[in-house]
Structure formats: C-alpha cells, structure tokens
Amino acid sequence: MDEALLKQALEFGKPYTGKGEVASYIPELSKADGRELGICVRTIGGEEYHCGYWQRRFTIQSISKVINLAMALEHYGFDAVFHKTKMEPSGASFNAMSRISDNEDIPFNPLVNSGAIAIVELLLPLGLDHMLSSVRGLCSDKYITMDEDVFKSEWSHSARNRSLAYLLQSKGLIDGNVDETLLLYTQLCSLSVTAESLSNLGQVLANGGVQPETGRRLLKEEVVRTTLTMMLTCGMYDGSGEFAVRVGLPSKSGVGGGILSVVPGEMGIGVYGPSLDSKGNSAAGQKVLEYISRTEKLHILDRYTRHPVSASETF
Amino acid sequence: MDEALLKQALEFGKPYTGKGEVASYIPELSKADGRELGICVRTIGGEEYHCGYWQRRFTIQSISKVINLAMALEHYGFDAVFHKTKMEPSGASFNAMSRISDNEDIPFNPLVNSGAIAIVELLLPLGLDHMLSSVRGLCSDKYITMDEDVFKSEWSHSARNRSLAYLLQSKGLIDGNVDETLLLYTQLCSLSVTAESLSNLGQVLANGGVQPETGRRLLKEEVVRTTLTMMLTCGMYDGSGEFAVRVGLPSKSGVGGGILSVVPGEMGIGVYGPSLDSKGNSAAGQKVLEYISRTEKLHILDRYTRHPVSASETF
Amino acid sequence: MDEALLKQALEFGKPYTGKGEVASYIPELSKADGRELGICVRTIGGEEYHCGYWQRRFTIQSISKVINLAMALEHYGFDAVFHKTKMEPSGASFNAMSRISDNEDIPFNPLVNSGAIAIVELLLPLGLDHMLSSVRGLCSDKYITMDEDVFKSEWSHSARNRSLAYLLQSKGLIDGNVDETLLLYTQLCSLSVTAESLSNLGQVLANGGVQPETGRRLLKEEVVRTTLTMMLTCGMYDGSGEFAVRVGLPSKSGVGGGILSVVPGEMGIGVYGPSLDSKGNSAAGQKVLEYISRTEKLHILDRYTRHPVSASETF
Amino acid sequence: MDEALLKQALEFGKPYTGKGEVASYIPELSKADGRELGICVRTIGGEEYHCGYWQRRFTIQSISKVINLAMALEHYGFDAVFHKTKMEPSGASFNAMSRISDNEDIPFNPLVNSGAIAIVELLLPLGLDHMLSSVRGLCSDKYITMDEDVFKSEWSHSARNRSLAYLLQSKGLIDGNVDETLLLYTQLCSLSVTAESLSNLGQVLANGGVQPETGRRLLKEEVVRTTLTMMLTCGMYDGSGEFAVRVGLPSKSGVGGGILSVVPGEMGIGVYGPSLDSKGNSAAGQKVLEYISRTEKLHILDRYTRHPVSASETF
C-alpha cells in the first residue's frame, strides 16, 4: 500500500464518475460536484495514505447507521438491538420502502432506513451531544459538525422516513417519541465528515475496537464483529451481494458520496465520490475499492486462500 | 481443535434436536431420525476429527447448489453464471417462491431454488456422470451415489420447482430443456453423502481449491472466492444474516440435515442433524457450529480482531 | 318489503353475531355489544321499515369514505379526485397497508385508507363544520355529532394512518398539511349515526342524488353513479367480490358495525351489527343483507334477468 | 339503438386504434390489423345491428374464461368452482403472475389466468368436443372452430401458464393432469369467433340464460348472475374498476381484440378491435362501448337513477 497505488486506483475509478449522478432527492445534496473523487487509508500500524479530494467535507448520511448500530450495541447490548430489527440482508434497494411491510413484523436489518430509525430510538437517552462527541472520537476528527443546510433540506424532505417511523410505531417498535427519533436520526445523517474521518473510523473497526494511536478501546470486540458482519452482508443497499463478491470488504455507503471500508486487522479506508449509481452507491468509489482489493488481494475470502500451502504444512 | 471439543459441541447441540422437525414435504426425507447428530472436521493440514453420526448417509439436497455453482463458474465462467442470476442475498425463506417474481427479471442468487435451476441448465452438457464423478472427487468419497428412493420421492413432488423452471423459461433464462434441467437438478439433490464427505469438500474450499492430500487443483482460486462469498451471504436461507453474525463461516445447509462449513485457510466442516428449524436449517447443527466458532474464535470477522495489537506493531 | 321480512332477516342473521368479534384495535370501539343487530329501510317512495337496534348510535367509520368521495366529486370533480387515486378494486384486506406500495404511484381506490386520506385533503377547504352539516343533510339526521371518546381513542391510535399520510406526502399526493388532513379524516370517521341515518343516506343514493321527501338534489347524477360503482367493486374490503356475488348491492361497511346498502331506484338500507368477521365487515349484517337480497331478488344483476321474457317482447 | 348510433360509436373509437398495439407476445396474434374495428348488437327482442368488421374472425382468448366459468358453474356448481378460486377482484395486470403468490392459497378469481386454469381442470370430463359444441350453441355460431395456427403459436409460448399450472398443482388446486388441463385451456382460447358470435353469447346472458329465439334455457339464472358479477368486477384486467365506472356493463376482454359486453335485460354486444392498450384491452373497443353506454344511458348504476322521480311516485 502506498500513495502511488491510490493514485492508480483513482485513475481507474475516474471514468465512472460520469456513469452516475449526484443525489437529487434532497436538494442540498445536489450541489456536490460529481467529478470529485478522493481516498484516504489508515493502517492499524498508524500510517496514512491519501489522494484526491480526501479532505473534502460531505455529509455522512447512511454511514451514520454503522455508528448508530455500534453505539447501540455498545450501550444497550445485542438483545436490545435485535429485538428491534432482524439481521437479514434483504436485497432492498436504496429507495425501497426499506423492507418493512405488512408481512414483516420488524425491519430486515439495522442498515436499512426502517431498522436504523428503530435503532436511533435506543440512542435517544444519549442525546445529540454525546453522539456527536462519540462520532468525533471514533473518527479522530474534532471538526465534525452538523451541516445545517443539509439538515434543513433533509428535515423538510423527510416524509418518507416519517412514514416509516409511524409504521414502526404502529407495530410497537418505537414509542410515542417519533419526532425526537426522526430528529436525531436526521441530525446524525447530516454530520459532515471527510474521507480521512472515515478512514480513521475504519481503522478502529479494523483493529477490533481499539484506537491504535491511543490504545484506548472505543468499542467492544463483539460489537465490532457484529457491526462488520452487518456491513459485509447489508452495507451497500441492493448492491451488497455483488460488492461482497467483487470487493469483499465490510463497507457502508451513503448518498453523500462516502464509502467506509474496513480491511480487518489491517486498515480503514474512506472514499469520497458523490456521483452515485442507480443503487445509491458512489459509482467511482466502488471501482476505486475494487481496484485496490484486487491489486492488494484484500478480499476477505481471498486472504486465506492465497497462503501458499507448503508441503510441510499439508502433511 | 480435537475430538473432545467436537464431543462438547455435540453435547451443546443435542437439546436442539428436539426444537426442530425432520423435513416432511418430501415423504422419503421424513424417514430420517431427528435425534441423530454428527460432525466431521478436515484441516488443510490433513487431520480429521469426527464424532457422533459422522458416517450416516443422507441426501445432499441444497448443498448441491454450492457444487453446481462452483462447477458452472469453473467450466463456463463468471459472466455466464451471473447472466442467469444476481448475487444478492434476498431474505428469502426456505419455501418461498424463491424470489423470482414479476418484478424481478432474474433470480436473486444461485443458492435459491430458482437461481440454482437456472445454473443447472448450464451444466447439462456435462451430464450426470461427469457431475457425479466431480462430486465424488470434491468430496473424496467414491461411495456417493444417487439415493433412488429419495430421488423418486422428490421427482414426484416437484410441482413447485417445475413451476419455477417454467417461469424461468418464460423469462428466457432457460431454454426448452425444462425437463432435462429439472431432472439433473433433482438428481444432484439426491446424492447421498456423509458429514465426512462434506468436510472433505470444505477442506478443498478452505484451501483455495487445491486438495491438500494430492496437491491437485480442483477449482480455480476465483471460483472458490466467489462461491464462499455467496455461501456467506446467502447460504442459510432466510437465516443467512443471523448465522453470519453468530457463526461467521461460509456455510450451506440442505433439508436433508447437512451443513457444509468452511474455515478459510484452515479446515472444512461437515455436520449432520436432520431435525430442521422453521427456516429449513439443521436446528442442532447450527448450534454445534456456533459452539465451535465461539470456542475456537473462528468467526471470519473475529480472526482478525483477536490478534493482540502489540505496541511494536501499532507504532 | 315489510317489517315481517326484516324480522325474519334479523332472525336469520342473529346466529352470525357469535361468529365475529367487536373491533378492538381502537379501544373505545371494543365497548360495543356484539350481540346487537338492527336494520332500517327507506324506500324512495318514502316508506320506512325498521327492526332491532335500528336507533343505536355508533360511529360511521369507513362508511364516511362514501360521503367523502361523493362530496369531493361534487365539489371538485372527477379529475381532481382520480388524480389522487385509481378506481381499481384491490383485494386489499381491512388492515392491509391499504395498497399503496413502492410499486404503486397512487392508491388503488378512494375506499381504502390511503385513497380516502388523499381524498380528505381535497375537503380541507370545506372544513369540519360544512362537512358535518352535509352529513346531517345527506342522512336526514340532525343529531349526528362527533363521538369525542371514539375520536380521542382513534386519534391516539392513528400511527398507521399517519404512516400512510406521510407516504402519500412523499409521493406528492398530499401537501404539507398532513396533520390537518388526518385530523379531518379521523373526525369524519368518528361521527355517530344510526341504521336509520344510513338508510336515509342510501335513499338519496338510490334516488340518483335527489332527496325524495324534499325533492332537493343533494348530489349530481354522475357523482352518484361513480360513488355507487366504487361501492359495488370496493366497498367491503377484501370481501367485496364475494359480497357482490352473494348480495349484489352497492354497499360500504365500517368497523363500527355499520353497513350502508343501496338498491338503486328503490331504497336505502342501513344495518348495525358490531360483531365483525375477519375482514372487518359486520358478520351478521352481511347475512341479513344476503337474506333480504335473495328473498326480494334485489341483486343488481338479478333484477334484469328475472323479468319474464314474454313472447311478445321477444319477437 | 340503431346502426347510425353504431356508426357514430365506431367513428368515435377509430382514433384510439392508433393508441394501442396488436398483441405480440404470441407471434400469431401479431398478424392482426390494428386498424380494424367492428361491432355487433343483439337485443333480447331479436334485433341485430352491426357495423365495421363485425364478421372478422379472431380468437376468443380470455373471453373463453367467461364460458368456462359459466359451464363449470352449470355442471359442477358454485361450491366446486369457488373451492378453486376466490371471487375477489385483484387489480391484477394482464401479464401479472396472475395473483397467485406464496401468500395466497388460491387464485383471486376465475377470470385471471391462474383461476381460469384451475376452472378448466373441472371441465376435463366434458372434453373439447362437448365444450366446442356448447360454445357454438351459446354463440349461435356453428362455424366456430379452433384456429390451429394460433393454437400452435400459443402452445409453444405457454411457459408462463405452465408455470402457473404447476404452482396450482403444488398447492393442491389441480391434480396430476397439468398437461391435459393446459391443453384444453389453450384450445378453448384458440376458438375463432366474430363480434356477432360474442353478441349472441351476450344476448343469452342478458336474457338470464335463455336464448330468446328458441326459448331454450342454456344456463341457469344463478349461473348467469354469478358470471355477470364476476365480469363486472374482474372482466377487464387491471382496468376493470375504471371500466366499471366509465362504461358500467359486465364485460370481458381478450387479447385477440374482442370484448363481450352485456346490457342485462336488454342486449348483448360484441366488439372487435385488435389494437390493445397497455392493460391488454382493445383500445378503441373500450371507447366504442363508452360512447354507446353514455349515449344510451346503459351504465348499470345509471339506469335506475335516470328514472324521473315523479311526485306521485315519491309521496
């Protein structure tokens, strides 16, 4: 891993910026420049590599679901979380009614909107300040703030999430605090991060929950394991399965253009590329990650198989 | 890993045999004894550990989908296979109409019935004899044969699969050879294996496609990577997501009671326990695997995180 | 038609009160006495026949959808209404997510909850007072008021309708006035009527929109035709088709236990029987109507066919 | 009613031939000339009016479902038929998987493909010869034969219906005779009729099951009532509701371009116009019927309401 590789990866991904479109369903998001592309890598050994628009601020959007899940697991435990959602990937598209339907009692998983809203209700006692400070800590980025313009834009276009939240209430999955829950959910989506922030978050996850620089444990090992598993099976909307085959790294995308990827035991990766494919994932960002995964053989089911089987080992 | 551990794991799983039921939708399958439980482990170093009913013969059922996928990838390549199915996990239940609906152009993945039937059509030119000999080779088990009674029972209860096959034909995903395709599909489901056979197959997959004992490459590395990824995201019907969280090993179950699990780079595991939970997975078999995965820290997203982060590594 | 017939009909229906249950999803509704049964008939010639609990007050619930549809058609016209919903029966169950899904752009029809909520938004400019006075006029019942207890109970259990309303907003089918719309919708559901009130409403519809006693036209002819057609195809939830076959009269049920039935050109019928079948329709009320329709040959597709074909007519 | 009116109606409908397309999913059907349009009316008094391509032969297609339903009701009774399908309209589109899904135990109604196939199984004991002779009798058209070319074309494109038939078998709704059932079903779809044949069939239905010319009862009164009700609620695919509102006559369309309409107590109407709208109904044919229904006030819920309410009647 070095910056030359990242440069090649961005070159490889660049043409795909033209194959997607910047999110437009929230007006404020449509102001991003779809041609931008950036990446930052943080190894658990403490090195950092970056290239392109790695310092551009953008809103975290659905990547916040990863943090919300981890925080809910950390503070309230496995059973409290999975009382509210299942753990099943769903093949749900980005703009689907998020797979809670009449036939479903509870949302499919914590990374679709309905499940994430249910999870955020658990976080209400912590409150925005605590959450913000946790996000800053996990991302080693004290400059993370709420992007007021994006927040306002999303808040005034939240009818669909509101519909989901009331559906959850009607099923007894959230209480009467629908408005507070939606508010916190939307605020957490509107936090502005950089590819570097995400790579720092990824580094902590790659290191089992311990921040390498400080040696401080930010998340329990089992919280990290569960969170990474959900990212691997459900992190890229209805492109999760194909991304798992092609890239094979626990990842989570957001419609702000970010992708968080984790190479367990090795590094965190943050990518920024706001031009989205039809599934809501960064069009070029995915290609950048595919390039790096293939070149460096980072696929989670490839790293084992590549070990040469020496004669002495085998017999 | 030793046989004492396997014994403990079976003890742990035993009570769960009473929480499921032997498959009854195919009359012949209902003759199995739901109390039986067995396991076999084959490391890539060549060791074998086993316990309980590890030599009981049972039909491979849906685990054949793994072999069919691997063979189709090996012989016809990635594009030919994923022209016929997507790669998305679906949250589909065991007895669902297998997630090919009017809104779907192609099946969700190669491990649901509809996708698997489409894949088997690719294998028609190879034929049953070639396939049988491949299965025997992959499983290092020359005693594998078709269980005629189970085959006849399934063949006479194949209306649902027949419905799927004609739906595939109507969508242009299989050709006029519906009957040949269904015949081969059903024959391959009816092959009788043991937990040991499955552990041998798992050993090859754990070793990147090379059979450790002979050093012969049976499957290409990329075929193994893709197959293992599909197993991880889609291998346990609509329990795949939870199984990935709890056990974290690429696995595939069959309604005959078998589970194939792979610890990449380390070992293959075969489990037999014909008492099934409501999702069609061996009720006790899953618990046995959960016990082993936890005790030995085999979860694919745990193996990284367990590495102690030494000071020298970190800085 | 006479009161002896009504008495027989109630006798016929009586045993079916035990085959249903009083609505319980709104606590206040569960206080009704499921054994009660009553009927009132009003012919366009001005006669009235009644029997049983024909004067019991109960809340109109979904029968208000008929009035809302008629009023919206009357004041805003066919195109304004059917810009918001389709006209298709849907096979939707009483407690379904009312058939507006991701695949649907607009609700199926104005008599399912989602469609009815969209329609009520059209009525906002009229306001509750105007609507209440219209309902009193159509029902010739100046004692109709809002049942405050039922209203409060429904308003505090409106999460599901709220979910639908925000879904409608997200699809651009209603504007920012979600709360006002839901409020008016729920208020109109909470109006307390009697079987007699409903029979008066039915009399107006049976008479093409003209109130026979006063000769005043309350609804345009084409409004009545459209409203009756929607009642015939969609008025009894997912029992509409079977009810059309068995009874064959444009009708609308409510979970308060009421059924409004119209014999075009002849009479209006109101029935009260709060014990509901699994589809949300009055269990005994339907049987009472079936008895009357059969005995009097009122089925809308029977009235023609029963005319004896005399030789002189035929040739 | 006179031929001048029919001429005007065809003029009115003519432009709509350009707004649809001839069916192409069955190759043989695509040979029809989409510009053709014809109509025939038969009153129960014995008059006949016709205009345009009223003598063009075309295949009956889904209109055969009406005859199949009537024959099944006639020979095997209400309970035998509605053991196999419900009576609910479904909002199902022409090319939908015909609304029998995993969540449904039985088809929605006898006029969607799945329901119709289940019904045809009941007719197997009668056989093709008996059925053909019955169709000729009901249509007063001894020249009706099976169009061999269309039959062959449909038979070789029957994968979707075959899929439905096996799904029915898997649910126990048809027996092992899938092939015989599909064969008879497809043969009955391939009978070649004219607008005049359909008008004769409609005349019998309009007259309560008695053929006016001969005075012979061909169908029981209750069979006619049930059949007409199903036509009214489900006869025009997912355009049934709107057609009921706009035209208001029990009708059934076929992708061959025909529409059968019934004015109960008055007349039968047959229309031919092979250019279909997106729902599979004759684009111009529907407009022709709408014109006639409006001009002559034939809407089934209008005929009552149009009666002037005289003072003496009212009081």
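Each chain carries a letter (A, B, C and D) given by its place in the written order, and its residues are counted from 1.
Here is the rule we go by: a residue touches a chain if its C-beta (ideal position, glycine included) is under 8 Å from a C-beta of that chain, and two chains touch if they have at least 3 such contacts.
Here the structure is a predicted model, which means the values were calculated and not measured.
Among the remaining chains, not one touches chain B and also chain D. Distance between chain centres (mean CA atoms), chain A to chain B: 30 Å.
In terms of their C-alpha centroids, the spacing between chain B and chain C amounts to 54 Å. Distance between chain A and chain C, defined via averaged C-alpha coordinates, is recorded as 49 Å. Shared interface positions of chain C, i.e. residues touching 2 or more other chains, are not present. Inter-chain contacts occur between A-B, A-C, B-D, C-D. Within the complex formed with chain B, the chain D residues making contact are 95-97, 101-102, 159-160, 162-167, 169-170, 178. In the complex of the two chains, the chain C residues touching chain D come out as 44-46, 86-91, 99, 108-109, 206-210, 212-213, 215, 221, 224-226, 228-230, 232-234, 238-242, 244-245, 248, 250, 264-266, 299-307, 309, 313-315.
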